[in-house]
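Below is the structure I would like to discuss, written out as structure tokens.
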Amino acid sequence: MNNNLKKINIYAIYLGAIILILPLIAFFINAFSFRWFYPQVIPKELSLQAWVRLKLIPKPGQRTFEGFIELWASNPTVIKALLNSLSIGFLVTIVSIIIALPAARVLGLLNFRFKKLIIFIMVSPTILPPIAFVLGLNINFISWGFSGNYFGVCLVHLVPIMPYVVLTMTGIFANYNPDFEHQARTLGANKTRTFLLITLPAIAPGMVVAALFAFLVSWSQYLLTFLIGAGKVMTLPLLVFSTASSGNPALTAAISIIFIFPAILILFFTSKFVSGESGATSGFGKI
Amino acid sequence: MKIKLKFLTLTFISLFFSKLVFAETAPGFNSWDDVVKAADGGQVNVYMWGGSDAINGFVDDFYGVPLKEKYNITLNRVPLKGTVDAVNQVLSEKEAGVTGDNGNIDLIWINGENFWTLKQANLLYGPFAAGLPNSEFVAWDNPAVNLDFGRPVEGMESPWSSAQFHFMYDSARNNYDDMPRSYAELSNWIAENPGRFTYIRPGKGGFVGTRFVKQIFFELSGGHAQWVGPFNQELYDKWAPEVWKLLNSWEKDLWRSGETYPKDNAEMHSLFANGEVDLDFTQSPRGAGPTNTAGTTPPTSRAFAFYENMIGDFNYWAIPYNAPNKAAALVYANLVLEPELQAAQVQPANGFCCGWGISTAKVTDAAGKAAIAEAQNNLGDAAEDQDILAKALVSDIAAEYQDLIEADWEANVLLK
Amino acid sequence: MGGERLKIILSLTPPLLIIFTLFFGGIFYGFLQSLGYQPAIGKYEINFSAYYNVMFSERYAKLFWSGLGLNLWVSFASTFLAAVFALFGALAIRKTFFAKTICNFIYSLNLPMPHLVVAVGIIFVFSQSGLLARLASQIGLIGSPGDFPVLVKDKYGLGIILAYIWKEAAFFFIILMSVLQSLGENFEELAQSLGANRWQRFRYVILPLVMPNLFSASIIVFAFSFGAYEVPALLGVIYPQMLPVMAFEFFLNPDLNARSEGMALSIIIAIIVMILVVFYFWLTQAKIRKD
């Protein structure tokens, strides 16, 4: 191959990476500056005021160990939202995988009538917009008492998550050989042992990807949480949205950093499964 | 005849008593102690427009802390894009048949047409306002307080603070003396400074923009007085075309040639702070004080007002019919009227910086008086001359105009 | 056989139950309300006036049709461009070079980034007073913010498209990387040894191999960008307005009658997405078979 062309390619990749990282740079500058207005590129005033306002860092003079503990113990909104987002995300991820596991196995390994139709129904929430079902669901949730509470929000998060989990895990089971399970059973292993020792290791990489997708979909959910949670279940997306429209860029940037940090951390630990040869994402080729 | 008379007397007596009960405590409670006791250990879900970072911070710090420490109530502030979101939630709950104490919202920061929507549909708890101990500081005899957009309040909401529309400019870029003082002068200013002005789109979340347009009606029609009172379709139809004509004549000289408009005050502040436009709107009697403190406008920002037709009003707290924590809501509505907290809210350094919700003359205790006197000395230098503001002050008009102006602006200016 | 059938039914019931009760139940109830059936405010008659109002009434027609045009443009443009960027990124990045792992990570970085944060980031970087405008003013390219091109909150939806490209390119990228890595370079080498040039290798070897995954991913991206609310709500202008934003504003109107219109509009959005996806499906299946 032409060497110059190769070089241009690589420079293009570097340029792309720099452009992709620009918003992150802007978040960090904004979050630690004060009155960072046009045309300043480098902020004139550095400040922790956004973090003080969010009650994550104590006011100057109280920045001792006790000061931090006392502040964080006062249950600031950001921490409440962070904990809500995390716990809802983990909970719905686990529940959705438990629900989807048997279904994905059946869809991946067996052939039966209406299979295509059932897959189509399962993935329909990724195709039809959330606004089409949540507006109608809202009134019903209010009258069933699911509105404005944690449980209702978890329940509604399952809807957009289900397709990703079912699809990813169906992709895994399609490449899975169940013969090993039979062998283990004939050698005397019981059902639980067979699952733990044979099935689970084989599907684990795909499950990690499914869990990643599930968690991220829940993590960034705004509309469903806003409507079903009636504003009472505060999560980070709600906080970002309302802050972004309240005109303090430093504050918005600080919350955004809190919002992306856990997600990036999770990507970091799962990245080898995501882009590896696990074939998990190839489930998307099977819609 | 006799029976009828007796019946009448009974009615009067019961009316008298019920009136008396109103004045003493809010419905469902026997005494204020009863309220405080019922609220102890609970929480209060406060739904309020979250579009001002400065106000949000004030509520968390100045109300959240005493609520917890004095009354053992946890404040749960729910930021909204517009007050109408909360109104909508209450309507949905009504539609779904949620009654008693089973709703989600305890308090709504409200006024104008949102208040009227809920009051008309019987979706408010009350009357409770006169039952608050601090109600004694409220100037209930003032029509600006007991009427909200021309509609009687009747104790269904309790005042918090006051506001008045006017403008901000950056003293580093412009001179106070060059600022326009009427819409006629503003027209010239826009023509001389193309691209340097825009206004907030009248509509959801943009009530400040609606107010800006409303005031044009007053100036073009030759005065505010004729607009007071019930809604008058004829009067509106007479002047609306003139207003749209004026706004359309500005269009080519507006920011981005009027192709789009900022949606809310936050977006407007950002345009102003980054030098994309030269004028900004403020609702605070302290002018640029609160945004300068928050660092969302340049520290050199100052305020100016037109000499006439600057709309001012009070804003209130209302409690929905199905509020889950009515007692805590009452404690909150009472707390915000404490003279010391009122004195805190008018000072730019504290962020919120709206006007008084109480009549300062009614405060008699020494501590309250001292706090008020102290506050008066701390109003900051980013405010317009208080006499100019007072002279330009006019009341807001019937709630029907609000929707009409928003819909017609869209049809005649935006989509034209 | 009977046991297997029972197993199939039992396994499939829980996820189907969730999707039927919550998802299709919600759509059905929304559909009822869009027909004006609102028992709570004493409306029982059924009619299509909300649909008519949204699409053809004097007040909303202009908003609706301009919104639909914007929706189509934004969804097609962002899906296509995101796929193209991801494809070239994935092809280029397979080769080894300095700091490859870091670049790989950066290119996947936007996958976990919530759409809302990406939208905020786009404002920070691309607005007329954003980071790029400031850099431009430092080097003297522009004088005032007004000289910088309008890329965010513009009437062509450029900011929205930018945000979707930002976000969805990472989604495409990850899916493509997993396919390309599992293929290895054997196919290409074979083709090269047979004398295929760069373009031919791309067109006749790589493209057909990644196409199935690219197509299904693009359906998801297209449908998502057509019906999502957050990004256009933050990055859009007030006119023209994307349909999901318009639908949600209807719903937030305190006048309960406007809810029928909001529901009607969201049902219309769902139907349009459905039609487009089926059409797209039919088109691509035919194309894949032909290849």
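Think of it as A, B and C in the order they're written, each chain with its own count starting at 1.
By our rule, a residue touches a chain if its C-beta (ideal position, glycine included) is under 8 Å from a C-beta of that chain, and two chains touch if they have at least 3 such contacts.
Computed from a predicted structure; not experimentally measured.
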Identify the chain pair joined by the greatest number of C-beta pairs in contact. A-C
Give the label of the chain whose average Cα location is farthest from that of chain A. B
On a C-alpha centroid basis, what's the spacing between chain B and chain C, in Å? 39
Distance between chain A and chain C based on Cα centroids, please, to the nearest Å. 17
Note: chain A residues in touch with at least two other chains are 37-39, 139-140, 241, 245, 249
Quick one: which residues in chain C touch 2 or more of the other chains? 40, 129, 145, 251
At least two partner chains per residue is the criterion; list those residues in chain B. 85, 95-97, 263, 270, 274-276
Show which residues of chain A lie in contact with chain C when the two form their complex. 1, 6, 9-10, 12-14, 16-17, 20-27, 30, 37-41, 99-100, 102-103, 105-107, 110, 112, 118, 121-122, 124-137, 139-140, 155-156, 158-159, 162, 166, 212, 216, 219-220, 222-223, 237, 240-241, 244-245, 249, 252-253, 256, 259-260, 263-264, 266-268, 271, 274-282, 284-287
Contact residues on chain B for chain A in the complex? 45, 47, 50-53, 56-57, 60, 76-81, 85-86, 89, 92-93, 95-98, 102, 104-105, 205, 263-267, 269-270, 273-276, 294-296, 298-299
Touching residues on chain A, where the partner in the complex is chain B: 34-35, 37-39, 47, 49, 53, 55, 77, 138-140, 142-143, 145, 147-148, 230-232, 234, 239, 241-243, 245-251
For a test of understanding, state which residues of chain C touch chain B in their complex under the given definition. 38, 40-41, 59, 62-63, 128-129, 144-146, 150, 153-155, 237-239, 249, 251-254, 256
For the chain B and chain C complex, residues of the former touching the latter: 82, 84-85, 87-88, 91, 94-97, 114, 117, 195, 201, 203-204, 255-256, 259-261, 263, 270-271, 274-276, 407, 410-411, 414-415
